[in-house]
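Both complexes shown next keep chain A, but they swap its partner, so chain B is in the first and chain C is in the second.
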Partner chain A sequence: MSLLEIRDLRIDYRTESGVLRAVDDVSLVVERGDAVGVVGESGCGKSTLGLAIPLLLAPNATVAGGSIRLDGTSIADLDERQLNRLRWTTVSFIFQGAMNALNPVQRIDQQILEAIRIHEPETSTATARARVVELLGLVGIAPSRAASYPHEFSGGMRQRAMIAMALACQPALVIADEPTTALDAISQDQILQLLRDLRRRRGQGLIMISHDLAAITRVCDRIVVMYAGVIVETGTTADVLGRRDAALGTIHPYTRALLDAHPDLHGPRVLAPGLSGHPPDLARPIVGCRFADRCAHATDHCRAVAPALVAVSRDHDVRCHFAVAERVT
Partner chain B sequence: MSESTNPRPVLDVIDLVVHFRRRARRDVVRAVDGVSFDVARGEILALVGESGCGKSTIAMAVARLVAPTSGRIVIDGTDVTSVGGRALRAIRRRVQMIFQDPFGSLDARQTVFETVAEPIRIHRLARDPEDRRRRVMAALDQANLRPPERLAQRYPHELSGGQRQRVAIAAAMAVGPELVVADEPVSMLDVSARAGVLRLMMEGRDRLGVSYLFITHDLATAWVVADRIAVVYLGRIVEIGPSPELVAHPAHPYTSALLAVAGGEEHDGPVLPGEAPSAAAVPSGCRFHPRCPRYVLAGEPAICRDEDPTLHIRGAGTGPAHRVACHLAQQDPMEETK
Partner chain C sequence: MRGSYWVRKLASLAATLYATVSFNFLLFHVLPGNPVQLLARSGHYDAAARRQLVALFELNHSLLDQYVIYLNNTLHGNLGFSYVYREPVTTVLGSAIGNTLLLVGTATFITVVVGVWLGVVAASRANSLTDATVSVTSLSLWSMPDFFTGMILIFVCGVWIHVLPISGIESSGLASGGLAHVLDIARHLVLPATTLVLVNAAEFSLITRNSLVDTLVEDYVLTARAKGVSRRAIVWRHALRNALLPIVTATALYVGMVLGGAIQVETVFSWPGMGLLIYNAVEQRDYPVLEASFLIFAIAVIVTNFASDVLYRLLDPRVRRT
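Now for the complex of A and B:
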């Protein structure tokens, strides 16, 4: 039984301009100890996907189809009380702005202690206290700083506290939405390192959501690339990065654009071409490939017929009419 | 003082100090703490550093949006540190600023046409309304906002982030500036939209000889876009030099740390311990020494704790100099070239 199994998920938002399908037929499996990175640009549906897993969607969003199973349990069958328990003990969330997610008027150690005591009433206070000390040590917060308030911490320290909080009830799955975006390069590096170590040491499942493909490749062993609500590519990090310089058909042109977008200090000193235009309006019906308008390789066929996600090799799928399966030897 | 080959730089910043007194805390934030550099005509100089290092305060001081505590800002030979009135307005035309958030910097109630036409009107650059319209359309066209006639009628909310930032650039370029101060112009844009905005800056330099002071936290982007890079740490330039040279042969350990992170190299353990101290509590001696791996490797020499290092020239090449502020920079050439 997989830790997380998402099948054909569809999520709609009711907006002023009509119903908008933010997540369209997304399937995703995460096993225990897996680290899966979901990458894409603003509006691609990656955050909606993350929020859907513990059913934390905005009031104007609805699950329009498909299923989410956590540890074999369909979350659609749970009532609000069961969901609340699941949200800390099975799946927890690390948000982008740690300042908004932490309680500003409560000490860090108290907040973590309270999280344990509310969600695990059977755990004794002594055990809970010991766990708080262990968690803070794990994320690199010295015992002398444990009794601080969030505002006394820097951005990097707050993000560490947030990670300790997310691990408080020993969840099987952690979802981290842009965990490093608001941080500086050096602090980012420290947090990515931490996420990597935690996974190795604790065997949790991790879903890291980010627009930053480089950050994801440092932590995750599998990558899901989303564009305009659909998965356009999914594969192991090694597989996807290995296709960086390969021919069209073994990597999605959008993934390649994301890979090229950031200059490579070891490569030529030139600016990548980038992409013109913007993603399609999801409130309107879309004909053909969603990326066609911005794709240098698009043909009339691309503009008329939507491509399916096809396997180019074992465990590596690309949604592109040019996708070709590698010859298996 | 001038480092460029051009005898008169577009911008010359001399010993710039910007301190903020915090009454409630009875302390002083040394945001910019003695910074000198120049920008040649048609040059892009990147100021690279992490948040709180003072790079944005330098930008604001150059654009005369914050008053320096001491030091001088010289634009094309004219000291503008304390000019006001009409002279300040003239400076405001010659020095344009582009901000990080294109949504916040554009007026939501103005069409693109009005946004770009406004600086032309303020600086009285157009002979008549028809001339103004022509200038606006030309600026939009050059900023790749095509077709300009249609884009001109749009409001900011109808544009993508990349388009909004290109409108901000069109408005800045419409008045024919000599220097554009761009403070993190692409960091809020989607990665695929960044290249278009950066390319516009590079075209402005190549075609019109416009100079840029490019503020960014992203060393890799600075390397591609800028001719020279100045690395800023806690209110000081710790290293400055031609971009290819600085990236290939970093001389300051802080530059090396930023490069290791930006280069995505596999490394176990964080590249630097801890976090930058507050600018209200600048460490003694070399301000980087409490986090410096080279200081530890060298056996914690007293000079690093006691003496504030100044920028000194490395190597003897032609062209703009490569300077570094590190007591130990010369002693460890093997590690520097890596």
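Now for the complex of A and C:
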């Protein structure tokens, strides 16, 4: 039984301009101990996907189709009380602690303590406090700083405290949503290092959501690239990155663009090309490939027929007509 | 750092109080008209009597000297002599202050508790019928003048269904201090306090509602939900304390409003407090009483603002270190 099994998930938002499908037919399996990175631009549905797992969607969002199974349990069958019991004990989150994810008027240790108190009421206060100190030690925060308020911490420390909090109830799956965004380069590096170490030492499943492909490749062994609500490419990190210099056909042009957005430190000095244009408006029906408008290789066929997600090799799927073409010919 | 904050804060409190006392002096001494002219208007006073009055009110000194005398007297708790009651102003004010504190204190406590609770209920069901009902009802009540609401209550509870006393603070003929006496005062307190609560609760219910609705979409509320915190606990434990910050500020402003409201309500219900005293003092041109009452109201507002600053620091750790 997989830790997490998402099948054909569809999530709709009711907005003023109509119903917007933020996640469209997304399937994803995460095994115990896996680290999966979900990458894409803002608004591609990656955060919505993460929040949907323990049903933390905004009030105007609904699961319009598909299923989510955690440890074999379909979460659609659970009521609010059962969901609350599952939250943080099975799936916890590392939100952007550097921003506002920690309550500004509560002490850090109290916020971590609360998670333990809620889910393990039988644990004594002394034991719970000792665990808080231990968790903070794990992320490099001294016990003397435990009783601080969030504003007394630097952005990097807040993010580390957030990680400590996410581990408080030994969840099987941790979802890190933009864990390095809004941090300086050195703090980013520390956080990525920490996520890697923790994963190795504690064997938790990890889903890391980020717009930063380079950050994801440092932590995750599988990558899911999302564009406009759909998965456009998924495969092992080695597969996706290994195709870096290969001709178009085994890598999605969007992934290519994401990779190119990061200049190679050792390569020739060129300006990162970037990607012009915007993702399509999801509130309107889309005909053909969602990426066609921004793709240099797009043909009339691309604009007329939506491509399917097809395997280009074992464990490597790409949603592109050219990917199919190369395999067939 | 922490010490210097309190030094600065207390210094600014002292400066504000000094400025208020001085302004109060100017209000009554520089503006045209003085008590002697008013008293002598009837023509029963001869020149000697006038001179005596001028001396009594210390108007025979220069303005600066009068100011110094006034400051000195105020600092020593001498607020002048009421010529309507023919008693020192402090004696006249004595029982009135207590009665107003009882009325305004009770009303404020209930207003804040009921207002905040209604705001929480409305925000928890934002954009529902309950939310709309709370908002519309509190706005309607807020837009009514205190005396009007008071008169409606008198009409309904006193004239139609004779359930509660509509005037005064106690019934005559009860031994003071006994339980019966306390209950009697409480019964007299119901209508005037209810009037103030009805009119002012909106300020708290609307601010709480809006502040809480804004707070409930903050990232840390999502964190709390993800942690499996129950809806109730999210509102009361995580969101409300953050949402309360504007309410603390509102309370300070509210005290100024409620004192104004107390003048109307005490007059309507003949509640023998500062408000009724001021109303009567205006009618009878009892300047010393007015002067002292203004000063006390001003000090009450200043001290409340100071208290709200202190409370703000207790609620918000981010303010403490600045």
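Rule of thumb we're sticking to: the second predicted complex is superposed on the first by the 319 of 329 C-alpha atoms of A that agree within 3 Å, B and C clash if a C-alpha of one lies under 4 Å from a C-alpha of the other, contacts with A are read in each partner's own complex, and residues count from 1 in each chain.
Keep this in mind: a residue touches a chain if its C-beta (ideal position, glycine included) is under 8 Å from a C-beta of that chain, and two chains touch if they have at least 3 such contacts.
Keep in mind it's a predicted model, so treat the numbers as computed, not measured.
Asker: Can A:A261 be said to touch chain B (first), chain C (second), both, or neither?
Answerer: Only chain B is touched by A:A261; chain C is not.
Asker: Between chain B (first) and chain C (second), which, if any, makes contact with A:P104: first, second, both or neither?
Answerer: Touch status of A:P104: second partner only.
Asker: Once chain A of both complexes is superposed, is A:T237 in touch with chain B (first), chain C (second), both, or neither?
Answerer: neither
Asker: With the two structures laid over each other on chain A, which partner does A:T180 touch: chain B (first), chain C (second), both, or neither?
Answerer: neither
Asker: Of the two partner chains, chain B (first) and chain C (second), which one does A:H211 touch, if any: first, second, both, or neither?
Answerer: After superposing on A, A:H211 lies in contact with chain B but is clear of chain C.
Asker: Where does A:I118 make contact in the superposed view: on chain B (first), on chain C (second), on both, or on neither?
Answerer: A:I118 sits against chain C, while chain B stays out of touch.
Asker: Determine, under the contact definition given at the top, whether A:Q193 touches first (chain B), second (chain C), both, or neither.
Answerer: Touch status of A:Q193: first partner only.
Asker: Which chain A residues contact chain B in one complex and chain C in the other?
Answerer: None.
Asker: Can you list the residues on chain A that touch chain B in the complex?
Answerer: On the chain A side, the touching residues are 41-42, 154, 156-157, 184-190, 193, 211-214, 217-218, 257-258, 261-266, 269-276, 278, 294.
Asker: So in the complex, which bits of chain B are touching chain A?
Answerer: 50-51, 160-162, 190-196, 198-199, 202, 217-221, 223-225, 243-244, 247, 257-259, 261-264, 269-272, 275
Asker: For a test of understanding, state which residues of chain A touch chain C in their complex under the given definition.
Answerer: Listed in rising order, the residues are 54, 56, 80, 83-89, 92-93, 95-96, 99-106, 114-115, 118-119, 149, 151-152, 165.
Asker: Using the touch rule from the top, collect the residues of chain C that touch chain A in their complex.
Answerer: 218-220, 222-231, 238, 241-242, 315-318, 321
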